[in-house]
Amino acid sequence: MKKQCVGMLLAGGEGKRLGLLTKDLAKPAVPFGGKYRIIDFTLSNCSNSGIQTVGVLTQYSPLVLHKHIGIGKPWDMDRQFDGLTILSPYTAKRGGSWYSGTADAIYQNIHYIDQYDPDYILVISGDHIYQMNYDDLIQHHEEKQSDATISVIEVPWEEASRFGILNTKDNLEIYEFDEKPKEPKNNLASMGIYIFNWKTLRSYLLDDAEQTDSDHDFGKDIIPAMLNDGKRMFAYRFEGYWKDVGTIQSYWEANMDLLEEDLSVSLNNKEWRTYSQDVNYPPQFLDSRAVVENSLINSGSWISGTVKNSILFQCVEVGTGTTINKSIIHPHVKIGKNCTIERAIIMENVVIPDNTVIDGTKETEPVVINDEYVEQLT
Amino acid sequence: MKKQCVGMLLAGGEGKRLGLLTKDLAKPAVPFGGKYRIIDFTLSNCSNSGIQTVGVLTQYSPLVLHKHIGIGKPWDMDRQFDGLTILSPYTAKRGGSWYSGTADAIYQNIHYIDQYDPDYILVISGDHIYQMNYDDLIQHHEEKQSDATISVIEVPWEEASRFGILNTKDNLEIYEFDEKPKEPKNNLASMGIYIFNWKTLRSYLLDDAEQTDSDHDFGKDIIPAMLNDGKRMFAYRFEGYWKDVGTIQSYWEANMDLLEEDLSVSLNNKEWRTYSQDVNYPPQFLDSRAVVENSLINSGSWISGTVKNSILFQCVEVGTGTTINKSIIHPHVKIGKNCTIERAIIMENVVIPDNTVIDGTKETEPVVINDEYVEQLT
Amino acid sequence: MNTLMGLINLEHEHDFLEELTYFRCGAAAPFAGRYRLIDFTLSNMVKTRIEEVAVFTNTKYRSLMDHVGTGADWELARRHGGLFILPPDWNDPTDISRGDLRHFHNNRDYFHRSKADHVLVSGSQFVANTDFDEAFQHHLDTGADVTLVSVQLDKSLPEHVPQLRLETNEAGQVINLTNDQENKHAFTNVYIIKKEVLLRLVDQCIAFHKDHFLFHGIKENLHDLHAEYYQYEGYSFFVNSIESFFRHNMNLLDPDPYRELFFKNEYVRTKISNEPPVKYRETADVKDSLLANGSVIDGDVHNSVLFRGVKVKKGAVVKNSIILQRCIIEEDVHLENVILDKDVRISSGQTFIGSKDKPFVVAKRKQI
Amino acid sequence: MNTLMGLINLEHEHDFLEELTYFRCGAAAPFAGRYRLIDFTLSNMVKTRIEEVAVFTNTKYRSLMDHVGTGADWELARRHGGLFILPPDWNDPTDISRGDLRHFHNNRDYFHRSKADHVLVSGSQFVANTDFDEAFQHHLDTGADVTLVSVQLDKSLPEHVPQLRLETNEAGQVINLTNDQENKHAFTNVYIIKKEVLLRLVDQCIAFHKDHFLFHGIKENLHDLHAEYYQYEGYSFFVNSIESFFRHNMNLLDPDPYRELFFKNEYVRTKISNEPPVKYRETADVKDSLLANGSVIDGDVHNSVLFRGVKVKKGAVVKNSIILQRCIIEEDVHLENVILDKDVRISSGQTFIGSKDKPFVVAKRKQI
């Protein structure tokens, strides 16, 4: 079954810097934006871009992630022969091991890709928030007759040294890849989104797998090797919102960004819908004491208190007299009466007793609340 | 999501005695009956019995098997939250390994079963040919208030010593399990089909996993341990066709059985359909020289020769002047003109040149033909 | 097998919701922020583990077809079984059946194909969130031909008038269906019937040129049938008029009915529409209201039900109103006791006020 | 986006297959052993990677709905897009549209919701196994408003009479559609049109109370439109009469047409029915025939097309016939030049003989 482009979505990251949020959860499965999980943005990008054959590579704590993705129904990828396939590290008779790097993850699944005989491979990761039409990227790739095309975003010069920087000619042809350069020559940062001609990439993956000193990583090994061989590689300049939610602070910021009016990532965009599991919860209920301002609230929630500048997931209860500000409340959290919650992230199913005060305004990062935290309170 | 019964289908066997047929193919994926793969019979049993939550445990050469099962559409198990789930051995961060026994395979997937909180677990394997309503088995289990119920079939006394024999009281209560007894006391052989109360089995699995000297096998370890503890265990007597296609001879016989008129496994039974992938091949074409008797032929095939007492899968071509007898021809095989094929199994995609003679009548087992065999011929 | 198949028979349900049923049948009328009336019946059937449901439609079934789609959102997109919307399209010149008997006659295949031995029949006007497991068990235990699901009416409401009442004998069997308004034991139009009995009564009705299966097939034969009843005790109501539609939407703004209907049992299934969470902006003032996802609120919403994707702009006031999906209420609009059908846009500054008994209804897609 | 959406417009296809279309529309008529006519058009659309297909139906669409189901067997059971059977059910008293314009008018949403900028429109009577990639590329390259798919007729057949002919100018553009039987350049009723042009012409037709989009929207406006054509060269034919239906089924018993239609391109998709392989028993004698799965043969079958699940008992002879699904031919029956609709049972010993020009047709479910 010939396919023009197969997507390979790297969703195996541990997301260590997200602390408690990823203790038992793969980073792409972390709840986001009142209704979604982080990976929904990438999967919806695929669906909206017409890329319907997607391998999702998982490894770290995949249970919730697998259950969330299921057979891919919300993204219209529940197909018998192509659609979405979860690719966990394969255990052969003599044992198996985790993917040792991003390139190794693709290498281990060459047989999966080969069955579709694609022209291109789109490599993306499941832990960024952005809305992008990958078809534009493919068209750019085709126009430039490129061997590989890397999506880049302009970052402030003073921050460029924190990123993988692509040094390009005027026509956007890449001549050098600088991982976290001390003295950046450019401010175009790689977004970790690649289009490769599959035949070309395939041979580089086979070569790389034999290098014992390789990290088997796209940025560190494959891209430099291709540049070294003089392959045609171009940057594709993406303009719009893009955020790596790598730390608790950036996770919190990215959520708060959704409350901004002029954000280019719009959940209300009918032309570019963000799909997720939708569980038929009833409409939300605001009673006579509810005060809600500048907030996002999902269905099934019951509000009897004050909610400002916050994001509430499905089936959250907020008791009378309680005030919540600048916080993110995960699904099925019950918050009692007369509580004060400031700059906090409350994790799924946590029950906050009456009269609790949680103040994250003085910490460097917003405070993350789980059951153990609540137990210590009482 | 509460379920009454979850099915666990063991489909990881290598089927070594099937020789070439399982060289690159898991035994449950071996083509059978002109249109099916062996596992279709068990999956269709589940579907027809109303068991729609099924974990399929794979490990040996699973690629074709996974592709065949897909997301379970033919068996109406393509569901977002339950339905069919393929359970390959999980690779944890520190590596993974194959299931070490049938009980270990279930043990490793306790988390999968627990999410449905079932009353019962149905343990079956994917390499037998039979049509059985598992719901009758469950009702028997409930009526007897049993902890475990094992389906048995009466075998001739003289063959009983080749089977695992269950010794029962008059009311079918099991008091002893005899693995291949030299002097059988009974002729009720275990079919490897079990219903367990999940809570009971779960605790036995946890115990068994800690025994370092255990084979982690239902027949050898779990059943004897339960009997030892005086658990209520009953046999369920199955009457009908049941065949383990463990060797090339028995595989060939079971296929030939389908040509019998009075077989209780009927592919034409509208009340008990056997579901499989159906690939929309066109109707079969018989030209003016075709002679076909006592045979099964699948769609897309093109017959210009003589076919007797044989089973032809989809898109087989039989050239003019060729005679096929007592043979099984796998999909997409092309047989040239003026060939003679007797008692052979020809594997998928093999091309047989004009004037070839293959005679398996003098061998102990039918002869299996692959590409290499054909190369040696010429 | 002792299993159930489902039938939602809409043939004799008239278009009871005025402007709201100009373009859609009553079963497709929106209700409670994100549902259509049929969702309750359909979800209850799915909760009873029914895997095949036929819907006999009469007219205006297009929005019903749009809504249920392949049935996937009710887990009824099956290869075997599933959901069948059966519009009236028959062309047999020898067919003499009339009324809903035409549906039964022309869809006989549906009943024959199924392995189920019993049929759960329902309309769309009885609203509850339940399964019918107990009713079915009662039906099986008593070996009844037909088991009628009933409710005890604790107060008299206008929508109760057309509901038939159950007359029972000492043995607790149903001997008649009456119009006796003093009798508070009301029929819900939901019943379980043996498939063979159903098919026999269908044949009998057709032979005598009858046109109403419930009246002529069941009611007139009660003397010959073993008819039981199962009284449903949970929260429930009937929606069969614009007045009852308005009142029962509004009742859900009380916490108790809301929790009874939505949180006592599994959630009611409906079409998934991928709307984002509700956005409340700085100037929002929302109280005593139900809101469905996709709405964006800058104004005041009090004592109202907002369906999916409603926009209430700054300075607008929505009171005691039901606003259907994708309506846009521009700035400084004032609405009170109003029902807006979907896709209505009220331009800025306007005021519309109805009364509780006679809400002001605006038909869909109007721009006013 | 430069993508296509699909429309199968059956409004103006009359019931052309006599007994075979007493109970079903022509698009739902069985063909070639396991297909329905619509399968060819639908499969061609899917091969062109069209992900949303609407079907405008007129009457007798129930078997069409049964056949396509959720669309899953064409990979068209989508959450977004998919397959929409759109029966005539509209209730807008202000609607003044007529003929197939009623469909366009009442289903305007379908066109607006799609992101596709072009529409592939087709009937169900043109049979081929192809994709329309090249036609679409030609349409895009030339920037045409509409591109008509045509064929060159190499011989004159009765079914060609009603097919319109293309009159082109030097630049290769279509300037008229005629009924000139001498012109062998025939229109297939398949065309690609810009969505905005389609919607503009629809509005124009409605404004002038027209009732036939092809005749009045396209033909009458050809002087104003940039109309191109794409000539299809592969194996194809038209089925629009019982005679052409019979002949083109029989043509497939020649190896060349069979291979051309079924093996030159991906397989034609149809409803999956899980029938087992054909069972040939000891006494079977089958030659020059097409057989679909599920059939069980004890008798003689020569020069015939057997659909799924047909039983031919011992001593029976079936010659030059088309036997639809699940027919049972009892022992010692003799059939020649016969078409049996589905579920017919011929009791033992009987003989029925028609002629090639006038085959004997038996309507479905008859027991004779």
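A, B, C and D label the chains in the order they appear, each numbered from 1.
FYI, contacts are C-beta pairs under 8 Å (C-beta built on N, C-alpha and C of every residue); 3 or more make two chains touch, one makes a residue touch a chain.
Bear in mind that the values here come from a model prediction, so they are computed numbers and not experimental data.
Enquirer: Look at all chain centres (mean of CA atoms) and spot the one farthest from the centre of chain D.
Expert: Between chain D and the rest, the longest centre separation is with A.
Enquirer: With contacts counted as defined, which of the two, A-D or A-C, has more C-beta pairs across the interface?
Expert: Looking at contacts between chains, A-C has the larger number.
Enquirer: Based only on mean CA positions, could you tell me how far chain B sits from chain D in angstrom?
Expert: Each chain's C-alpha centroid was found; their separation is 40 Å.
Enquirer: On a C-alpha centroid basis, what's the spacing between chain A and chain D, in Å?
Expert: Roughly 46 Å separates the two chain centres.
Enquirer: What parts of chain A, by residue number, touch at least two of the other chains?
Expert: Those would be 73-74, 79.
Enquirer: Tell me, which residues of chain C touch at least two other chains?
Expert: Answer for chain C, listing residues that touch two or more other chains: 72, 79, 272.
Enquirer: Using the touch definition from the top, list the residues of chain B that touch chain D in their complex.
Expert: So the residues of chain B touching chain D come out as 33-35, 73-74, 267-268, 273-276, 278-300, 307, 311-313.
Enquirer: Quick check on the complex: what are the chain B residues that touch chain A?
Expert: Where chain B meets chain A, its residues are 59-60, 63, 67, 70-71, 73, 78-81, 83, 88-91, 93, 95-98, 111, 115, 277.
Enquirer: What residues on chain A touch chain D, complex-wise?
Expert: That would be residues 47, 73-74, 76, 79, 271 of chain A.
Enquirer: Can you check the complex and tell me which residues of chain C touch chain B?
Expert: Checking each residue of chain C against chain B gives 75, 78-81, 115.
Enquirer: Going by the contact rule set out above, which residues of chain C touch chain A in the complex?
Expert: For this pair, the touching residues of chain C are 32-34, 72-73, 255, 258, 261-263, 267-270, 272-274, 276-294, 296, 305-306.
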